[in-house]
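Take a look at the structures listed below.
In what comes next, chain A is part of two complexes: it sits with chain B in the first one and with chain C in the second one.
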Partner chain A sequence: MTLTTFIALSPILIIAAGAVAMIFVDALLQKSGKTAGSLFRSIHTKGEPPVDEISYASSIDRALVSATILGAAAIVSAVLWFGGQLGGVIEIGGALQVDKLALFGFMLCALGGSLASLMSSHHLYEIKADEGQFHPVLMLATCGAMLLCASSSFIMFFLALETMSLGAYILTGMRRASPRSTEGAMKYFLMGAFASAILLYGLALLYGETGVSSFEAMGKGLAGAGAKPLVMLGGVLVLVGLAFKVSAVPFHMWTPDAYQGAPTPATSFMAAVVKTAAFVVMLRFLSVVLTGGILAGPPFGWASVLAVLAVLTMFWGNMAALKQKNIKRMLAFSSIAHAGYILIGVVTMHKAGEAAMAGVLYYLFAYLAANAGAFAIVCSAVKGGSEATDIDDYRGFGRRHPLLGAAMGIFLLSMLGMPPLAGFFGKLYIFASAVEHGLWLLAVLGMIASVVSAYYYIGVIVVMFMRESEEGKPVAVPVRSGQIIAAILVALILVLQLGLYPTPWLR
Partner chain B sequence: MTNQLFTLIIFYVLAAIAVMGGVTVILSRRPMRCAVGLLATLLSLAGVYVLMHAHLVAILQILVYAGGITVLFGFAIMFLRQGGPQRYRGPFMPVWVISLFTAGYLVYLVLPVIRAAEAVKETVPPDYGTIQLMGKVLLSAQLVPFEAVAILLLMTMVGVIALARRPRKEAAS
Partner chain C sequence: MAYILTLLIFCPLAVGLTLLFFPAKAKRAMYGFSLVTSVAMFFLSLGLLTGDYSQGTFQFVTMRNWVPAFGITYSVGVDGITLWLVLLTTLLLPIVVLSSYSYIKDRIREYLFALFLLQTSMIGAFLALDLFLFFVFWELMLIPMYLIIGMWGGERRIHATVKFFIFTMVGSALMFVAILFLVAQFKELTGVTTFSYLELRRVILPPAMQWWLFLAFALSFAIKVPFWPLHTWLPDAHTEAPTGGSVILAAVLLKMGTYGFLRFAMPLFPQASHELGPTLAILAIIGIIFGSLVAWMQKDVKRLVAYSSVAHLGFCMLGLFALENRAMAGSVFQMLSHGISTGMLFLLVGVIYERRHTRLISEFGGLAKVMPAYAAVFVIVTLSSIGLPTTNGFIGEFLILWGTFKSQVLPHARWMATLAATGVILGAVYMLSVVLRMFFGSLKNPRNRDLKDLSAREWLYLLPGIILIFAMGLFPTPFLKKIEPSVELMRMDYLRKGAASLTIDQPVLSKPVTWLLPPDRRPLPIAAKPRQIKAGPGQSITKLTANHPLRKGGKIKGYRPGSPLPTGHKPNLPKVPPVMPGGGKPAKGGVQ
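Entry: the complex of A and B
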């Protein structure tokens, strides 16, 4: 292991080592009845049943420690990405490939994990889901997501995908007292297992055709093979598996239940990290393995398949989101719709190559920031001791708490694509690039879908600022937690910075 | 020649058992019979792996699937069973239609693949599929995935502990 390899992998190593250390230290501390940092115990909660001091404090400390480790990894990856010290592409053992794409994926995954940890501080205690297992699982699953971003052979690809997915299933089911959580985890796990098996079958067929397992070599082998039935079938099966992970319609059935049932930080993790990593590996797979003209372009290549999926996903997601009464479920359908917009960018890649890839990555970044922010606010709002997830709970929320209300408004408007926020430029790059390469129909459909989405995004803002809460009903009150505020602030800064001054990220 | 014929006969016997086991799993309405059918399928597949010189896979198949997973199924069925076998009551017709359509479409996709398949010409090296070779590959060519499995295993262990513990009541719900 040379120094360069070590540096290239350092974000993953930091998180893995941190997770292991957390498991051990936590076990020792629990035994002696202490918490990691009594320094940070200034967080105050109101009107609760008697607080179990130690378990509350250790819950907060765990969140902070894991957020710090993940944040450090995000910063290291950002430095490597910006600085380009690594000098191009680093191959590691024929299984991993750390390049610009992978480093950007590292950064997004670690950032998403870090924000999810930050917002988990109070929430996990509240739902009694934290006995020291949540954060290690979150961190190791993030490691899996990062390995997925860098994987360049089929074996690593599948292994990393499973690491990430198993982590997501576990996190979904962590809310043990809630049957919804178990239901969501069960659905997610069963369907995910089928999707993984289908993907693996596809990989096996492609391996059978070429006899090699590295992406590069397989791409070369397939370019010579042309559109054989075996290759087409293998490619379609792999696409099905990936479409499941990004929750594209019609492989989205698990999404609403899993998003609603999971503890909110885990939902944020699924929406941000899992989706990002799946899209990054999809970009790599499509641009390296299935590159041949027949395999990529119309009428039978992946571009046509994904174009159909993109349209279905955008419209189905947005239409279904219109009817939702639960804010987590609404955000779940909105995340499905976003997968549709991103798929347009992926489709454009078969003509535009690298340029379209940049648009997709930018969109993922903008989506991650806005989504994590929105979930952080959902996490912060409690209603009579339990979390406030009905949209009606937020009546008057914006008037009573103008700053939080304004932040939520900004996140929702960014997801809608309002200039000058991050989401606007994300959509602009993706649609503009699609039009430029003659895919104007897709771009027009995408814009129509965005207009539909205005109804439910703005609907929440209207409820927050213009509706009075009903007499006698408990209203959503924000928890006073420095960590959740920090998560909201980070997300807010990113949304504004990506929108107002996107230049540094556009390379 | 007799050797080959012998192999072929064994293969067909094993394949027949595997198919019969699979059909049992789908058609039987008693969970325990399904589990036994699954066991038969898994064991005969292990035999097929041996015929294909994949000894390690065959052993793993018996240890993990036949040994571990089927036993687990048996336990789960015996713990959960209350009363007699239950019939599935649900939207049966549409499910049948959709399944048949999907299965038909899959056959339509797979058939050309099978037709186009060529007979395998290459012979495998003598140590192919042996445990020694697998060990060498795992510690050389596939070292990185081999190491990365550690992350998966650790995470799964922690996760299982979290999911298997007794649920505590949530504060206010």
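Entry: the complex of A and C
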């Protein structure tokens, strides 16, 4: 292992080592009543002293430690991405390939993971889900997501996908006391297992045609093979597996239940990290393996398949989100809809290549920031001792807490695509390249779908700012936590920066 | 002075952000601060008058790169059209702040912040010379207005504000794709991505393509105007909005629609707008008559004023599509005078609403006895609104009707003018009947007996409007003199480009639009190195300022729907499409 490979993989290594260390240190210290975090605790949270001081403090500390480690990994990947010291593409053992795409994926995944753990501190304590497993699992799942971003052979692809997914299943079921959580995890797991099997079947077919497992060799092999039925079938099956992970309609059934049932930080993790990694590997797979004209372009290539999926996903997601009463479920459907917009970018890739890829990544970044911010606020709001997840719980929330309300408003407007916020620029990026390459119909449909989405995003703002809470009903109150505030601030800065001054990221 | 436009755009934002640091209870301090700063900004905006508007070019132009990778620039400039609209906007802000003092009682800080944010976005949208920048401000306008209606509005405010938001959003979504399409066409021709308005105006599209893009732009602007039958959000929004919100909505936001037609939809897609113009003019006339009739039927005086806006804006649109210099200049003038008179009407409705908490006309009667000054002001504004000579309303409507009557592009122009003129009569009918029912007759309702007349503060914010009503009515020339060159410049280009687009079936590029910039601003500082194709309007455009028809009294003749080429202005076009399909290589004319 040379130094360059070491540096290239350092973000993953940092997280993996951190996760393992956390498990051990936690186990050793638990006897003496201390926690991993108390060794280097720096932030004290304000607010009422909780009943169980030690378990509360340990919950906070674990969150802080894991957020720091993930954040450090995100910064390292960002530095590598910006600096470009690695000098292009680094191949590792024929299984991993660290290039710009992978590094950007690293950064997004680590950032998403970091924000998820930052917002988890109080929440896990409140739902009594933190017994020291949450954060290591989250970190290892993030590792899986990052490996997925960099994978360049089928073996790695599948292993990384499973590492990430298993982690996500566990995180979903972490709220053991809640039947919803278990139900969500069960659905997610069963359907995920089917999807994995389908994906594996597709991979096997493609392997059978070419006899190689590395993406690049397979791409060359397939380009020569033309459009054989088995190849087409294999490609379609792999796409189905990926569509499941990005929750594209009609493979989205698990999303609402899993999102609603999971502890909110885990929801944020699924929406940000799992989706990002799945899209990154989809970009890589489509651009390297299925490059041949007939496999990619119309009428039967993946571009047409994904175009149909994109339209279905946008409209179904937005329509279904309209009638949701639970904010997490609503955000789940909105995340389905966003997968639809992103798929437009993926479709454009068969004509525009790298430009469209950049658009997809930018959109993922913008979506991640806004989404993590919104979930952080949901995380922070409690109602009479339990989580405030009904949209009606937020009546008057913006009036009572103008700053948090305004931040939530900004996140929602960014998801809606209001200028000058991040989401708008992401849409501009994707739709501009779609229109440029003659896919203006998709862009028009995308904009119409986003008008539909205006109704429910605006609906939340209406509830927060324009409706008074009903007398006697418990209202959502934010917990006072420095960490959640930090998560919200990071997300807010990103949302504004990505919208107002995107230049540094446009490379 | 070079940065005056940037200051005008961003000072309100800075003031708004400063206001957020005021303690929530400091009502007087916040209003005082807002008033002083908004008056200061108005005086700052008077500095715009020092520009040279005689050539119709953009003044105080600033161009900076914003997102170079996408060719997005921060470009702003002001011409004779936007000059007055910006001045109207800056004048209204202190008036609205003053009028809100007694109306807005809770969350004052947030209200004032929304007002100042709205101010930034409105001025920004007027001044933007970059389609991206324009779109950003255009969309940004929605948010504060949405909050103002939704948070400080009346009982059905949520219904009204959501309707307002969704309607406007539908329009702008398609406009966004149209902008992207235009940008993609420019890139196809030149290899350069840019959102700069002056660059994109060079693109001449074949008529079929223009149609679609024009429809997308027109939908967005028509909703904002609001054009019959897309007007239904307006009465709701107006009725529920607080007074200040109504004033800004009527006086400025609606002008965004007409301004959008004049600045973007018409010059960018002239042939489509020429072909659709008569249809839109007919819709405008329907709007005039429909708006007037519905206004007549209203029981709520605020709703009545809202419907009268539909009618008045119909005049503005008719003037634009008449494509006569005087009608178009009159249309811009009418935008101003509608802004003042309708803004004042909403202020006056607010005054009585604060006293009686009702706006039903039937609740009033004989108010002139208890509130003589109020009644006098109301009558003056009413006369301005119905276009009595010596008031501002007369000039605008007269120019529009006269121009429409003489219009060479509208079919049956005389009939159209005649029909539209009935709108003037109807306007007099419904406005005067309101005056009659509210102010004269006997004082029946006992609750009206001891209403207080106008206070000093109310006089203060009503006075500028009264002065302007007569100033603009008696001395319209200084206003028109600055409006006309810009309008004429746009009209000439419109005719040429429209004619040129008939001979092509592929998009082509005209010469750089340097003639919209003052001489010291050439060449464009935007890094565009396109392969210039000698086609389209040809060289005569650069000479336009020298042969300015206003100076020479020149006239374009023979421009009729059947034969859209203005004789004598036939562009020098090669017979073969000058652009090969797919590439930018000229078949004839050579690369410059």
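Simple rule for what comes next: the second predicted complex is superposed on the first by the 492 of 507 C-alpha atoms of A that agree within 3 Å, B and C clash if a C-alpha of one lies under 4 Å from a C-alpha of the other, contacts with A are read in each partner's own complex, and residues count from 1 in each chain.
Convention: contacts are C-beta pairs under 8 Å (C-beta built on N, C-alpha and C of every residue); 3 or more make two chains touch, one makes a residue touch a chain.
Note that the structure is a prediction, hence the values are computed from the model and not measured.
Novice: Output check: A:M466 vs chain B and chain C. Expected answer is one of first, second, both, neither. What do you get?
Specialist: second
Novice: When the two structures are overlaid on chain A, which partner does A:F431 contact: first (chain B), second (chain C), both, or neither?
Specialist: The answer is second: A:F431 touches chain C but not chain B.
Novice: Now for A:L96: first (chain B), second (chain C), both, or neither, which partner does it touch?
Specialist: In the superposed model, A:L96 contacts chain B only, not chain C.
Novice: Quick one: classify A:W440 as touching chain B (first), chain C (second), both or neither.
Specialist: Once the two structures are laid over each other on A, A:W440 reaches chain C alone.
Novice: Answer with first, second, both or neither: which of chain B and chain C does A:S450 touch in the superposed model?
Specialist: Only chain C; A:S450 stays clear of chain B.
Novice: Would you check which partner chain A:L233 touches, where first means chain B only, second means chain C only, and both and neither mean what they say?
Specialist: first
Novice: More chain A residues touched by chain B or by chain C?
Specialist: For chain A, the partner with the higher number of touched residues is B.
Novice: Looking at the overlay, does A:I458 come into contact with chain B only (first), chain C only (second), both, or neither?
Specialist: In the superposed model, A:I458 contacts chain C only, not chain B.
Novice: Which of the two partners, first being chain B and second being chain C, lies in contact with A:G167: first, second, both, or neither?
Specialist: A:G167 sits against chain B, while chain C stays out of touch.
Novice: In the superposed view, which residues of chain A touch chain B and also chain C?
Specialist: The overlap between the chain B and chain C interfaces on chain A is empty, containing no residue.
Novice: Using the touch definition from the top, list the residues of chain C that touch chain A in their complex.
Specialist: 67-70, 107, 110, 132, 135-136, 139-140, 142-143, 146-147, 150-151, 157-158, 161-162, 165-166, 169-170, 173-174, 176-177, 180-181, 183-184, 187
Novice: Give every residue of chain A touching chain B within the complex, in rising order.
Specialist: Per the touch definition, chain A meets chain B at residues 16, 19-20, 23, 48-49, 92-96, 126-128, 131, 133-134, 136-137, 140-141, 143-144, 147, 153, 155-156, 159-160, 162-163, 166-167, 170, 173-174, 176-178, 205, 228-230, 233, 236, 384-386.
Novice: What residues of chain B sit close enough to touch chain A in their complex?
Specialist: Residues 109-110, 112-113, 116-117, 141-145, 148-149, 151-152, 154-156, 158-159, 161-163, 165-173 of chain B touch chain A in their complex.
Novice: Mind listing the chain A positions that touch chain C in their complex?
Specialist: 399, 402, 413, 418-420, 424, 428, 431-432, 435-436, 440, 443-444, 447-448, 450-451, 454-455, 458-459, 462, 465-467, 501-503, 506
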